[in-house]
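Take a look at the structures below.
Across the two complexes that follow, chain A remains constant while its partner is chain B and subsequently chain C.
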Partner chain A sequence: MTQALIAKTKLADLVSFLALCGKVVGPVPLGHGQFKFAEVRSLAEMALDYIPTILPPKKYFMPQYETLLRYDGADGQQMQAVVEVEELVLFGVHTCDLAGIQCLNVVFSDRPRDLHYMIRKNHITLIGLECSDYCDSYASCAMLRNHLPKGGYDLFFSELSDGYFVDIKTQKGEQLVEESGLFEPVSDAAREQLQELRRAKKQIFRSEVPIRYQDIPRLFDETFDSDVWTRIGEKCLSCGNCTNVCPTCYCFDVMDEPDLDLTRGRRIRVWDSCQHETFAKVAGDESFREQRSDRKRHRFNRKFRYPMKRYKRMFCTGCGRCSRSCMAKIDLKETLGALMEERG
Partner chain B sequence: MMERPKVAFFDLSCCEGCQLQVANLGEELLDVLGLIDLVEFREVMSETWEGRYDVAIVEGSVVNEESEQRLREIRRRSDLLIAYGSCATIGGVNGMKNRKPLPEVQQEVYGERADWFPTDRTRPLHQLVKVDYFIHGCPIHPQEFIKVLKSALAGLPYQVPDYAVCVECKFNENVCLYDKGVTCLGPVTRAGCNAWCVNNGNVCYGCRGLVSNPNRAGAEEVLREHGLDAGLIANKMLMYNAAMEPCDE
Partner chain C sequence: MESIAINQSGYQIKRGRIEEITELTELEKLFRIVLPDDEALDHDPGQFVQVSLFGVGEAPISICSSPTRRDSFELCVRNAGRFTAALHQLKVGDEVGIRGPFGVGFPVVPLEGNDVLLIAGGLGIAPLRSLINFIIDNRRDFGKVDILLGSRDPESMLFCDELAYWRKRIDINFCCSVDRAAPEWEGNVGLITALIPGASLDPLKTIAVACGPPIMYRFVVDELLKKGIPESHIYLSLERHMKCGLGKCGHCQIHDVYCCQDGPVFNYSWVKKIKGAI
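Showing the complex of A and B:
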């Protein structure tokens, strides 16, 4: 079976079943129209109709503070690698965030492979959820071709009138379907409804900026010296929100934290950001990207141009988080528009 | 066992709230006390010490001749000096008096008896003596105090973060106060407190001081867009930062 159906009336049972097996994480409302991924025990705690969470699911693959090893200097210098893992099911992940996780997978399996990431990833089950309509106006998932499922999940749910069409991608997913006993085979009517959903999406989701995917890298190539960078550099506060909330940003700093006995301790990695002034500083206080405008340009090139060369994919999923959380209201779609206008 | 380092706490002009933070550490206080030999700490003990200090932890800012002498004497007798709390690290709330001419301030506070209380502009410690470690905050964040103390005792540097409180605020996934229609100094204030106030439903007041190169114009623009006039913006920004040297800004 590679596809299945689940009735809406059985969704609550599914979540309870998953919660019995281990830790389940899903989108939880925080008020003020905001959401975050957090542990849930039941369907009622979740809001499946949600806009992208404040932090993307990357926090489960690469925590904000992560212990890499423990050291003990009492007798020589002993080190023990540590991977803090737990079995997790991520429920209700939108296609933009699935794409974000795929980006991280690509980076962390590039050499040198990041074993901490690779090990943790194997303990996470991903259950996707299709958006039938836009989350809000910041989204640009269609421009980046992430409004439709492109894999990267164990199970993927698309909403029909009284149930969900479920695409089963992995053995892990298949096992869940079988063991829960809550699913049924797909019917022709369900198949027809899914096609209808996708047809409707074709009308709703159009490239949010008038540019074709394959033309985006060249835009950045040709606008490297644009005044747009100076202008947004003047506005930017270097608060780092845009990178912290981005599902594909993965920069980190590594530091040692001694225990109180001062001989033992742990080495941790902490998220870092190219928007911080300290990030590009090297010995002698030299900085590669001293100006805010340099740092902003770098971030955009890191999303749309550089990774295209190295990984043949863009590292923007179109989730809109950077624009939503920017203290200076620097907007991704507007920035692309301004660059296009300037290039003519 | 090696002799434990001699550590002493001192206070200059301040409310002593930061020292209370240490007294309030709870169970961790016992661990800290196991690590050091506390020789002076007016807040919790009456003994004093005549010898050399391995670490002097100084709270409060310098606001008159007497406290300046005292600070220099402490520095002379200590191997390491930690500036402790906003008053000591950036001048803090005491810095407000630097916004007016001294005689005017003296008059406002002491009236006719102004002459009896000689006073100076407020200065944070590093404007007078060498400071080895900074623990910002009003009050200090207990976990950062422990981090810095461990660094000092282990002979390691402690790097005060030079990025915004927003970073830690995002790590904690708080709904941004600007989305709740409230203004917040997080975008220009130095992190290190784990966004303590915002986590607990408050705004960031900027108590740790500005990041070393804040985008002032940008921040003022953001505040203005949220309906604050220039005077109010200056008041917000200067509540803790008025005693910074122009070159610090």
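Showing the complex of A and C:
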């Protein structure tokens, strides 16, 4: 069985079943139209009709503070590398965020592999949820082709009139379907409804900026010296909000956190931001991206151009979080538009 | 939250014991380090290690000894800040953590059979020393060898004993210059770039390798090109901020390249195409 159906009336039971087995995390409303991923015990706590959460699910795969080693310096440099894990079901992850997790997978499984990430990831079960409508004007998932499911989940739910169409991708997903006993075989009518949903999406989700996906890297190549960078550099506050909320930003700092006795402690990694001035500074105080405009350009190129060469994919999911959270109102779609205009 | 011990982490350190400390100048110390069970570091000239002191942190440091000398390796460290100051306080017998070696070092294979022009500015002599001693230990594999060294002033010149030895060898042309010096100084005064026009070399047979502060490269490259050395015969070691050494943390990134894994040594024909690389 690679597909299944679950009735809407049984969805609450499914969440309760999952919560009985372990920790379940889903989208929870925060008010003011904002959402976050947080632990839930029932369907009622979640808002399945949500726009991208403030922080992406990245926080479960690559925690903001993560212990890499425990050390004891009492007798020379002794340490043990560790990974802190937690069995987790992530429920209701949209396609843009699934794409974000896939980006992280690609980076951390690239040689040399990062075992800390790889081991933690194995403890997380991913249940995706299809969006039938656009989040808001900041989103650009269609331009980046992330409005449709492209794998990277254990189970994927698409909403039909009285149930959910469930795509089963992994053995873990299959086990869940079987053990819960809440699913039923797919009917032809359900298949037809899913196709109808996808047809409707074609009308709703269109590339938000008039550029073809495959032409985006060249746009950034050709506008490397553009004035647009100076202009947004003048607005940017170097706060690093945009990188913190981005599902594909994975830069980090490594530092030690000593215990009070100062001989034992932990070596941790924490999220870092290429938007901070100190990020690329070397001895002699030389910095290779001294200006804010240099750093903004770097970030955009790191989303749309550089990773194409290295990882054969763009590192923007189109979630719109950076634009939503920017205090200086620097907008990703506007920036793309300005670059296109300048290039002519 | 469960904590699982793992053995293959890229952040795992080896315990390196300090066997010897030499004070080179007021700012720089040379540390000779051995790994447990006398394990060889197995590095290429120009590679670096991440040196760590628990509770203080980690920093990338070039290996300045030649891989031909296998029982220990050496690091030359300038007291530049918090971490390096802590390193400077260590004594013989103390331990440091070692990760690596990392990166792509100097182009040893393309150098073989060719004339070699080595240009070191300031602390840039540290990584280059690994190559120089490698060349000396395999002297017959290389053609003419020229070493140009630039230093702020005579007092900050590193490895003085060795410089004197290189100067004496007839199969090495050694030349140095200082930016400024007291009147008693008998050597050259002026920037390192001033030494290049005078070097007698066959540009098509020469491979040039430069290592020094970022500011030096543009001027050095100009002079090398004026001498007729092809772009593809020039190699530069680029310094970047580094945290992981594993191509992940993003600090050392230059466009789509990670300096810690794809560098720090790059061919100039690549560097030239990359805006902001030097």
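Miscellaneous remarks
Quick note on the criterion: the second predicted complex is superposed on the first by the 344 of 344 C-alpha atoms of A that agree within 3 Å, B and C clash if a C-alpha of one lies under 4 Å from a C-alpha of the other, contacts with A are read in each partner's own complex, and residues count from 1 in each chain.
Keep in mind that, in the parts below, contacts are C-beta pairs under 8 Å (C-beta built on N, C-alpha and C of every residue); 3 or more make two chains touch, one makes a residue touch a chain.
Note that the structure is predicted; figures quoted are calculated from it, not measured.
Three-chain overlay on chain A, with chain B and chain C fitting side by side and no clash.
Judged by the touch definition given at the top, the superposed model places A:Leu262 against both chain B and chain C. Look at A:Glu286: by the touch rule set out above, it reaches chain C but stays clear of chain B.
Within the superposed three-chain model, A:Asp294 lies in touch with chain C and out of touch with chain B [touch as defined at top]. When the two complexes are overlaid on their common chain A, residue A:Asp331 makes contact with neither chain B nor chain C. Between chain B and chain C, C touches the greater number of residues of chain A.
Once the two complexes are overlaid on the shared chain, A:Glu234 sits against chain B while remaining clear of chain C. Using the contact criterion defined above for the overlaid structures, shared-chain residue A:Pro307 touches chain C, although it does not reach chain B.
Once the two structures are overlaid on chain A, chain A sits at the apex of an angle of 70° toward chain B and chain C, using CA centres and rounding to a multiple of 10.
Once the two complexes are laid over each other on the shared chain, residue contacts for A:Asp97 go to neither chain B nor chain C.
In the superposition on chain A, contact of A:Glu208 is made with neither chain B nor chain C. Legend: residue contacts after superposition of the two complexes on their common chain; A:Trp271 is shown touching chain B, with no touch to chain C.
Measuring only between alpha carbons, the smallest separation of chain B from chain C in this overlay is 5 Å. Shared contact residues on chain A (touching chain B in one structure, chain C in the other): 256, 258, 262. The touching residues of chain C, counted against chain A in their complex, run 1-13, 15-17, 52-58, 78, 80, 95-97, 213-215, 239-241, 243-244, 246-251, 253-256, 275-276. If you check the complex, the residues on chain A that touch chain B are 30-34, 36, 53-55, 64-65, 234-241, 244-245, 256-262, 271, 273, 276-278, 292, 325, 327-329. Across the interface of their complex, chain C is touched by residues 67-69, 71-73, 76-86, 107-108, 110, 112-116, 119, 224-225, 250-256, 258, 262-263, 265, 267, 269, 272, 274, 279-284, 286, 288-289, 294, 298, 301-302, 305-307, 309-310 of chain A. On the side of chain B, the complex with chain A involves touching residues 31-32, 34-35, 146-147, 150-151, 153-154, 156, 162-164, 166-167, 170-171, 173-176, 178-180, 186-188, 211-215, 217-219, 221-222, 225.
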